[in-house]
Every structure is written in structure tokens, then in C-alpha cells.
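Each of the next two complexes has subunit A plus one more chain, namely subunit B in the first and subunit C in the second.
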Partner chain A sequence: MLTYIARRLLIIVPMAIGISFLIYLALDLSPGDAVTRMLNPVQTVDPERIEELRRALGLDAPLVVRYWIWFSGVLQGNFGRTLTGGVPISRILMERLPATLELSVVALVLSSIFGAILGTVSALKRGSATDNILTVAGMIGVSIPEFFFGLVAILVFAINLGWLPVGGRLLPSYTTYWDHIPNLVMPALVLSIMMTAGVMRYARSAMLDTLSKEFIKTARSKGLPEWRVNLLHGFRVALTPVVVLIGFRLPILIGGSVIVEQVFQWPGLGHLFVLSVRNKDLPTVMTIALLSVILVLVVSLIIDVLTAIIDPRVRLGGE
Partner chain B sequence: MRIFKAAAVALLLQTGISSVVQAQALNGNPLSDVRVRQAIAYAIDRNLITESVFAGFAVPADGLLPNGPFKSPNLDKYAYDPEKAKALLAEAGWDSSRALNMVYYYDDQITADLMAVLQAQLAEVGITLTYNLIVGDVAKTLNSIPEDPKGKSVVTWDMAYGARAAMVMQEYFNDYATGKASADGFPGSPELDALIADSNTATDPEVAKATLMKIDEYINANVLTLPLYYQQLQSVESNRLDRHGEPYGNDQFNYDWNVHNWTVTPDADGKAILYTNGAPLDYFEQPWVNLGLWAGNKFIWAHMLGSKPFLDGITGGDLAESYEMSDDGLTLTFTMRDGTKWHDGEPITVDDVTKSLIFSLKTPNLHGVIASVFNSIEGAAEYVAGTAETVSGITSDGNKVTIKFTKPNANTLIAFTQWGPFPMKYFEGVDPTLVQQAEFWQKPIGSGPFKVEEAKFGDFSSFVPFDDYYEGKPKIDQIIAWASSDGDVNMVKNASAHRIDFAVTKVVSDIEAIKALDFMRMTPLDIPYTRMVWFNQYDK
Partner chain C sequence: MSDVALSVRNLKTYFYTNQRCNKAVNGVSFDIKKGKTLCVVGESGCGKSVTAAAIMQLLPRLSRIEEGSITYHSERGDIHIEKLERNGKPMRSIRGAEISMIFQDPMTALNPVFTIGFQIAENLRYHTRLRGHRLAVQVVELLRTMGIPLPERRINEYPHQFSGGMRQRAMIAMAMACNPKILIADEPTTALDVTIQAQIFELMTALKKEHGTAIMLITHDMGVVAELADDVAVMYMGNIIETGSVDDVLRRPIHPYTRALLASMPVLGRGKNQSIEAIPGSTPDPFDRPKGCQFAPRCPHRVAACEQMPEETFATPTHRVTCWRYEEFAADAA
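Presenting the complex of A and B:
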């Protein structure tokens, strides 16, 4: 297994380079650049001034040169500065990452726990009122967009009841970390609801599929207690696809949830990513994208390893 | 001299509607035929548009200049008349198989609705309209013109929808000058060029006004551009805010709004906090471009002169205690006010003013009106070209700053109501081309009534009173501004939760929503803001 992990880790490097270059290329091919986004479309500016700004920002260099300048900086731990505001990207990451992490970690943990439990209960109670209620709730959860849940939550809990803040993360009057927890509640719960619904539906179908397998019947025929059959034999195997689903949601730890961040004015990386794409601020977009790419690749490796641990039938790298 | 000016004004005003170009296509582009453009004007029901698409929160436009003192009585209103439109199209030999393409750059739903209405109305008279949002390099797509005014168009669009939010009335027309790369799609005419030049150099306001009216008449008669509607700005305020009679004005720019005299009802802790929006998302914008941005500009910065609310005159000095303009409009002298300070407690010096002026000449994103004034400072061109080390037309003596210009400009004084100096010690070694990328804009040191206390970019910015503000310490204890881009999508939500005491908006859905909140009030502001359709008349 260690050889397999080492091999996969080595592959991540060229893959990250290749994918990041493709992203850079795609962004570069889209019309306009950061300078055009800084200008008012109906304010005519001296073209020489514009070209001078383009040169000063290094946007006049060929694509490959610009990519290399950015990438070689990253290799030295220097993510560069934003084009529009000249702000060190590492500083922005440090400012925004905590906001994104606390929102997405809470949502991931809550949705993974509740989604897996509720999905399993739903499968075990198949055809019952509990199953029907959970199935309908799951359908509603995955069908209704996040922004709708968010707006309803704001209307009820912030505007009508006044229990929670309408949005934002911090205030000048907050002096301790715990002061802003009320601000976190609504966005984290809204994000959790959506994710819980997905995990629950996945867990239910995986559990149903597992419970119909021969080895479950064998376990029952051995006279094992039903809870032991369900949890130790069924749930363990059913967890495999659920872990894959949860794993591939981990990139939101970096990318954030754009819609929830927008609705709740949450100053996370998702919000910043959209703003940077709109501004064609390539160094910022590329840094967030690269971190997401690396996370996806690493998570993919972790999922493979976890799957092998959870499901005894899986063997890594032909072992 | 006075008699001569009066005669000039009288002559200008007595002249009837300006000449209409010959009624035929001037090149292979049917939109070069005035009859086709007039037909489009008659085919569009502007009353219907303002009532249905804009729920009555816009005013049908007949000229580019807004209603008010600059409105010419000689404008043809092109009242909705589809039959007349059809007749004009028939007369012009309109080929109904030819589709016209309209481009626009607003990605909001109202603009999409408007496009659908325009498409339907033009279809009624036999014109097929397609439309699409410009993505990418908007300025280039809109403003590119051929080198030769008689050459082929370098853009594919036929019509473009956009707006002009003017600081001064000349801004409406300067782009129509021959050879000026702009969206108006008009190759130019000597008659219009002469009028535009006159409007910019007239130092007598009455002469300038009469000339501006003539230009509007010329554009109206020839339908060079089709004004659709004037949009009002709404000042949105909570009932906690008391402006104490301080004036309302054009909030897209700077004027003497005297925010230091405003008050808000204190909260339970006895602290008077004003909540607003418009705080920066990732850095403070330098204040020489987006002039009316309140959170990043008007709270923080003072200017050389003060302006009347709708920029229709000077109220007096701001950082400058007084000013003197020579009769020929070529020499402007400021006497700086004693005792003014930056937010770091350092004095605002004459050197800060002269160095900021010189620095601004090489900044890429100076507001157009300010740039047009500054570019005519003596020696500015040589300095920018690199053939001179400093600007000969900018000098100082004691507490006086003198600026000499190569030509008079009608907007010189107004430009200085929008411009103020930077504390230049923070810009040593900063390339003016990269002014916006300077570290300074993470927490700027300004000169206005409030100073930046804290900026959590993307979340909020906090401003506190500047004790040494020369007009007195502001009465509000703190301003908390929520981060938002232009057209804050969260404004209504925040207002509903009592988190907005002051904001401005033009968004119709926001206006309707705010009307439903009994603790909020709105004040309509008639600003020069005209939405229009440009015609591409270049050969195709």
C-alpha cells in the first residue's frame, strides 16, 4: 500500500501542473483581461495609459511566460499579488480561509453524520412512514436551491424573529472568537441541509443495495443479531460510496460555497473566487484553483485508501 | 465683452433646430440614413417602457441632457407613432430581411426585459432585432472606431444600449467629436465638432449652456443617438438618520453633503452607529476615478473645492481656503487652508498638493473630466511624454498653489471639487501607473470627516470620526459599511434587518421593496443619468 501511495503522490505533481496550465489557458482565452475590467466601459481612457498599466502588470508577456512567472513563484511559496489591488494573495488566503473552513467544516461534519445515519435508518425502515418522510425530505433538500433555503431562513430567523444576524461574519464589537458563532449558525445549517439530503439519499440506496447482497444473507443465516448484521456487515460496506461522495465534497474547504457565501455575505474564498474570475485576476483565480486541484487529487488518493480499509474486497494497485 | 457674450448667447438660442443631414444613406450601412434612425425613434414607445419595465421609476427622455436648466425647448420628442415609422422605413427603402444587432453591458434582468420590449416594438414596424450581452473587453467592443471616419466599421454591432452618468454636461457630447474612439458610432461632422469645442472652452456658463443645448438639438434632429429615459437615483434612509437639513444632491459625485453634521439615534449602549453599504471587497479604490463612492471616497477624502449639490457651481474652498481664477481662465491659484491634517495627524502641505497633481497625470484611471482639465496644464504633456522632469505649470509659493493651463476649460473648477491630494509621503517610490496596487489602499490615510478604523475586506469596514477635521468633529460615533459591489444585491435584506441607515440605489426592484418598509424613506434625486441607444453609422 505504501508503494501505491508514494506512486500516486508523485503523479499528483505533473497532474497539478497540467490541470493548472489548462485552467490558465482557458481563462486567458476568454475575452478581456484585468485591465479592461478596471475601466469604466463608457469612460474613454488614453490608450497609452492603458498599455502602460498592462505592461506594468506584466500582462503584455506571452501566455507561457506569464504562467511560468506565476508557477515558479508558487514553487517558492510566493502566490503573487492580485492584479487589481496589488494585495499579496497569501494575505488574502489567510484572511478568507478561516471563514471558508469554519463554514464548510461544520457543514461537512453535520451533513456526513446526519446524512449517513438518516440514510441508514431510511433503508432499514424501508417502506415505513419514517422512510417515506425521510425520502420526501431528501428530495426537497436536493431539489430546492441553496439560495431559496437561505432567503427563507433569513426571512424567518433574522428578519421576523430577530434571533440571528442577517449576514456577515464579524463586527467591530466582536472581541472573542465565540462572538461570531451566531453569524455562523444560519449559513452552516443551510449548507448542511443541502449536503445532508445528498448524503442521506446516497447512504439509503447504498445500504439497500448492500442489504440485498449474499454475504448479508449469510451473516443472518449464521444467526448473528440483526443490529450486528446491519451495522458491522451492512453499514460498513454501504459506507464505501458514501465516503467517496463526502470525499469529493472536500474541495469546498478551499473553494467555499459560492451561493451560500453570497446570500449570507460570508467573506469566504468562494465569494473571492467569483469576484476574481469576474475581474480576470488570474493570479488569485489560479491560486485558489491550484489549491482546489491539489485537494481533489489528494482526496482522491485518501478515498482510495479509505475504501480499501473499509471494504475488504478492494485491493490497491493490483496488490 | 459682456455685450459680446450676451449677443452670442442670444444668437445661439434664436437659431432654430440644427441642420439635418441629407435624407439618404451615407454609406452601405442603412443606419447611416437618418430616416431609418428616425423610424426607430418613432417605433419605440418610451412611455410604455418607463411605466412597464421601470414601474414608473424613470422618465421618458427626449434629449441627452437631463430635464432642467439645460433642456432645449426645440427638441423633437419623436412621440410613439409606428405608422410614421413604417412610412419612413418605406421611404428609406428598408430591407426587411436585414436584422439589426443590439449589444448591451448590463447583466441585470431589467435590461434583458427592456431588450425584449425593444425587440417587440421594432418588430411591429418590420425591423428584426437581435440582442446580446457583451462579455470580455466591453470598452473595446463598444468604443472601437475605424482610423478613417469613412472607413469600414471595426465592430459588428448595429446598435448599443448604455448610459451616461455625467458629472458635467459636456461629458454627454465630447465623444461625438470626429476621431474620438467612443460608442456613439458617429463618424463626426465639422459643425458638431465646432460646437463641442465651444462648449468646452466657454468660460461663461450661459454661453456654455446655450452651446450645449445646440448640440443636443443637433443630435436630436439627426437622431445620432436615441435617448430612452432618465433614471433617478433614490437616497435610501432609515428613520434613525437625521440629516439636519443638509442638502441632497448628485450622490454619484462629491458635493457639500456635510455628513459631519448628520446624526443617528444612538443604540442601547448609547453609541450612534450609522450602517451603510459600499465598503470595499478587497481594497479601497483610489478616489480619483469612482468619485461618488461614499464608503471608500466621500467619508474619507476632502477635496480642493466644495461643490453645490448638483454640481452646478462652486460653494467655496474645501482644503483650499479660497481660489482665484484669472479672467482668461488660464491661471488658477489656490490659497491653502491653515491647520488641515491627514488622518495620521500630519499637516496637509502645499507639497502634497503639487506632488499629487503631478502624480495624478500619470495615473491610468483618472476620471475623464479631471483628466481633460489636468492634461491641459502647462508642461503636462511634456512630463507625461518623459521629456520634462516636472510640470512647468504647477508652482507653489508659501501657502499658495498656482496652476497654469494652455487653454481654458469650462470644467476646471468643478474638477477640483472632485479631486483632492494624497499624503504623498506614503507614495514615495510608487509608480503612478500602479497607484491602485499600492499597499496604501489597504487602509488609506485620508483627509475627510471620517477615518478608516478597520477594514475586513468582503465583510465590513468601520469608520470613526476624525477629531481634527477642519469643519469640526463628526457627530456620528461610528460608520459600519457592509462590503458590496456596485448595485448591492443585499441592500434590501440588510435594510429589512435594520442594518442600513443610508444607501443609494437605482435598482427598480430594490426601490419597490424599500417602499414597503415603514421605517425606511426614500428621496428621489434628479441626477444627470441618461440611458440611450447608440447607432453604429460607420460603413459596413
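Presenting the complex of A and C:
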């Protein structure tokens, strides 16, 4: 197992480098650059001044050279500075990352727990009213986009009922960590709706599939009580595919939070990402994209290891 | 009655699917005797497995015991299994402890994510007071009795690390863990090699002799019947059409279906040119059954009376048959 993990980690390195180059290339090909953004569109500027500015920012060098400058900086933890404001990107990341992680982790935990429980209940009571209601709710949850839920939630709970704040995360008046929990409730719930629905539908079918297996009949033939047949013999086996699904949703959760963070003005990475794209702040966009890529790669490794731990039939790397 | 472990009388089990009713088991009666093997034979879909599932109260959700009785003659007195709640406590305390079951395919009948040792121990944990070290010792001992080498090591292995024959041995170890009075084996060797098959049957016979376990063996292999059975019940479309001692049924078969079944089997040593008689036609659609005798449409000896269902009649005190013309057939069988 350890050699497998080591080997996988080694493969991640060239993959991350390759992808980082592709990101750099793609953004370089997009029309305009940082300088065109910095200029005031109303005033006409001397083209020579523009060229000067380009040289000053190092934008006139060939693509590979510019990539190398950026990438060697990244390796040393220096992501550059934002083009709008000139703040070190690493500092912004440190501010934004906790907000996104907080939102994502809460949503992930909520949706995994509720999705697995509801899916199991649905499977155990298949054909019943509960099952039908949950199935319809699941379809709605999967098919309606998050921003819609977000806007409805704001309208109902923040504006009409006034129970929760409209958006934002930290206010100057907040002194303890717990003060901003009301701000977290709506974005976390909205973010977890779609994923809960997905996990639930998946857990239901995995559970139904498992319950139809022969070993469930064997378990029952041993005289075990129903809860043990269903939860120990059934759920334990159905868990493997569900864990894989949840794991692969983790990066999507960060992507999904782009929309939710926007709706609730949550100062996380997703919010920053949209802002940076709009301002054509390429160094920031690249950094966030690169982070997401590395996250996906690491998560897929973690999932492989996890499945090997839960399912004894899985042997990693053909051991 | 003291030598009877379980008696089934006029058992009817129906399946309800798509608002239609399939009378999968339509009035069967038989006894399972202590220390004896009852073989239930018949084509696929004739109700063998459903009968077994009914005894264990392990029927699928959309089916139920409609009529009749299943009486388990336990040491504490007679228990009417058909009256027990499916997964209620009294039924569960019988299941796995006093009546246990082994299944057709040991590949799928063991849970892939738990060790063999855990799965066997589970049975003991629920039905005995054994715990901890003594429980572990007992599991090892069981596996050793079943002829599994190095049981101390193998209890920590998972089903996929076992071969087919070893898995079936583990299944039998699980079923025999609490020394049940009755063992129901639903085609236990269909998925195994012939050589392994012989070993498994040898093991079952040894257990029967040693513990006096009554065995109900479901099979469609007449060779197995000849080898192992004390009594035989032949099923067709939810009825037992002929039952009796193995000598009665195999040597002096009366019912045309039993005869056809025996004629359809090749016999070793008769050479290549022996004629194997396939039974003409195919089993009727369970939703569109013949009115009278279920075998009548395929029967070469059909008469007008076969439009009515014949009664079960005793041809001899040990030999029961369901056929209008049993007297003629019995005469020419003798």
C-alpha cells in the first residue's frame, strides 16, 4: 500500500506540471492582457507607453520564458501579485481559503450524512410513500440549479422572515468565531442540497443492489435481527460506491461554490475566481485553477486508498 | 411421530406480481425425518426453492404462505412456523440455530467485506453464550471439522481468498455452527466441480450420521438422489406428484413424470447409443395452468379423467402418488 501511494504521488508531479502549462497556455491565448485591463477606456494612451508598461511587467518575453518565471515562483510558494492592487496572491489565498474550506467541508459533511441516511431509508422502504417522496425530492434537488435555491432562500429567510443575514461572512462587529455561524447556514445548506440529492439517489440504488444479493439472504438465514442484516451486511457493502461518489464530488464542491459564493457574497476562492476572471487578473486565475487541479489529483488518490481500506477485494496496484 | 423433525401439510405459497397470482407452491405435504435425507427433485421453477424458503420464513416480500402448516417438532414441543412473524424473535431464534440453510452459490452467499471467521462467529454470537476467546476457538474448531486446512489462519481471510469448494465448506460450517436439527441445502453443489461436489456430499453425510441432523436436499441431479437420499419427493408445478423412499421412487416409479425424468438421464456404461428420452413440450406458464393434472398436456398416458386434479393416494404405505392411473402403473412397475 505504501509503495502504491508513493508511486501515485510521483505520478501526480508531472501531471500537475503538464496541466499548469496548459492553464498558462490557455490564458495566454485569451484575447487581451493585463495591460489592456489596467488602461482607462476613456482616455487614449500613447501606444509607446503601453509597450513600456508591457516590458515593465515582463509581458513581452516569449511564452516559455514567462511560464518558467511564473512556475519557478510557484515552486517557491511565490504565486506573484495580483494585477489589480498588487497584493501578494499567497496572502489573499490565506484569507480566502479558510472561508471556502469552511463552506465546502460543512456542505460535504451535511450532504454525505443526510444523503446516505435518506438513501438507505428510501431503499429499505422501497415502494412506500416515503420512498416516492424522497425520489421526487431527489429529482428536484438534482435538476434545479443552486443559484435558484440560493435566491429563493435569501428571499424567504433573509428578506421576508429576517431570520438570517442576506450574505457576507465576517462583520467588524463579530468578535468570536461563533458570531458568523448564521451567515454560514444558508450558503452551506444551499450548497449541500444538490449534493445531498445526488448522494441519496446513489446510496438508494447501491443499497437496493446490495439488498438483492444472496449474502443478505444468508445473513437472514442465520437468524440475525433485521437492523444487523440491513445495516451491517447491507449498508457496509453499499458504502464503497457511495464513498467513491462523495470523494469525486469534493472538487465539484469547490467549483459549485463559485456560484453559491457569488450569490451569498461569501468571500471564498470561488468568489475571488469570478472577480479575477472579470478583471483579467491572470496570475490569480492561474493560481486558483492550479490549486483545483492539484486538489482533484490528490482526492482521487485518497479515494483509491479509501476504497482499498473499506473493500477487502480491492488490491492496489496489482499487489 | 418422534422420528419426524419437521412436517409440512398442504402448504400453499403464492407470489403476487403485477396483480397476478403465481401459485408457486400449491398444496405440498411431506415429512423431514431425523437423521435422514429427503431429496426434493424437479425442474427449475417447480417450487423446490420456494418450499425451502417458506420453511425458513425467508420468502420474498411479494409472496406469502397462503394455507397449510409447517410444524417443527422441537425439543420444546411443536412449533407452527407458518404462524410466526417473518423476522420476529421466535423465528429468528430458530433460524440459523435449529433450522439452517446453505445456498446454491457459495461465491455470492458469503458477504465479501467480512472475514470468514467473523461471518461464522456471527451465528454463534446470536445463538449461544460463547464470547471472546472461546468463540474464536469454536470457529477454528468448526472450520477444522469441515476439512479446511490451517483454520487458525483462514478465519482472518475474506471469501474471495477462498476457492469455491472451501467457500461451500465455510458455508456449511456456518450452517452447522449451532448443531441444527434440520439442514436445508438448496442445490449446494450446482456451482462446484464434480470432484468437489463429492467431497461436500461426503461431509454432509458425515454430519448427518454424527449429529443426527435431518437434511432436506434440493437438487435436480438424479445421480445425487440415488447416492444420498433416504426419501425422495418429486415436484412438478408446485405439487409433489410422487414421494416415497428412495427405492420406491427410483426403482418402482409410478407417476409418468417421474418415469420421464428418469428416462431423460444418460446412464454411465450403456454406451453412446442409448436413447435419452427428452420430455416432450415444456412446463406450462404458471399464470396459465392446465385445469387438472399439471403434467397432463405433456403426458403420453393422458386420459379424459386427467382434466380433473387427482388426489394424493398411497400406492403402498411408504409411496404416495398423484395420478389417476396409479394402479395400472404401479402394477407394471412391480
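As a convention for this text, the second predicted complex is superposed on the first by the 303 of 319 C-alpha atoms of A that agree within 3 Å, B and C clash if a C-alpha of one lies under 4 Å from a C-alpha of the other, contacts with A are read in each partner's own complex, and residues count from 1 in each chain.
Everything below uses one rule, namely that a residue touches a chain if its C-beta (ideal position, glycine included) is under 8 Å from a C-beta of that chain, and two chains touch if they have at least 3 such contacts.
Small disclaimer: the values here were computed from a predicted structure and weren't measured.
Of the two partner chains placed by superposition, only subunit C is touched by A:T218; subunit B is not.
Between subunit B and subunit C, it is B that contacts the larger number of residues in subunit A. When both complexes are overlaid on chain A, the residue A:T36 reaches subunit B alone and has no touch with subunit C. Look at A:R204: by the touch rule set out above, it reaches neither subunit B nor subunit C. Of the two partner chains placed by superposition, A:R8 touches none, neither subunit B nor subunit C. By the touch criterion stated above, A:R236 is placed in contact with subunit C alone, subunit B being left untouched.
By the touch criterion given at the top, residues 213-215, 217-226, 233, 236-237, 240, 310-313 of subunit A touch subunit C in their complex. Residues of subunit B touching subunit A in their complex: 105, 135-140, 142-143, 162-164, 175, 180-183, 281-283, 289, 362-365, 367-368, 371, 431, 433-434, 436-439, 441-442, 453-454, 456-460, 462, 478, 480, 482-483, 485, 489-490, 493-494, 496-497, 499.
Across the complex, subunit B is touched by residues 30-33, 36, 38-47, 49-50, 52-53, 56-57, 81-87, 92, 95-96, 151, 154, 158-159, 165-172, 262, 265, 267, 271-272, 275 of subunit A. Interface residues of subunit C, counted against subunit A in their complex, comprise 56, 58, 87, 91-97, 100-101, 103, 105, 108-114, 122-123, 126-127, 158, 160, 171, 174-175.
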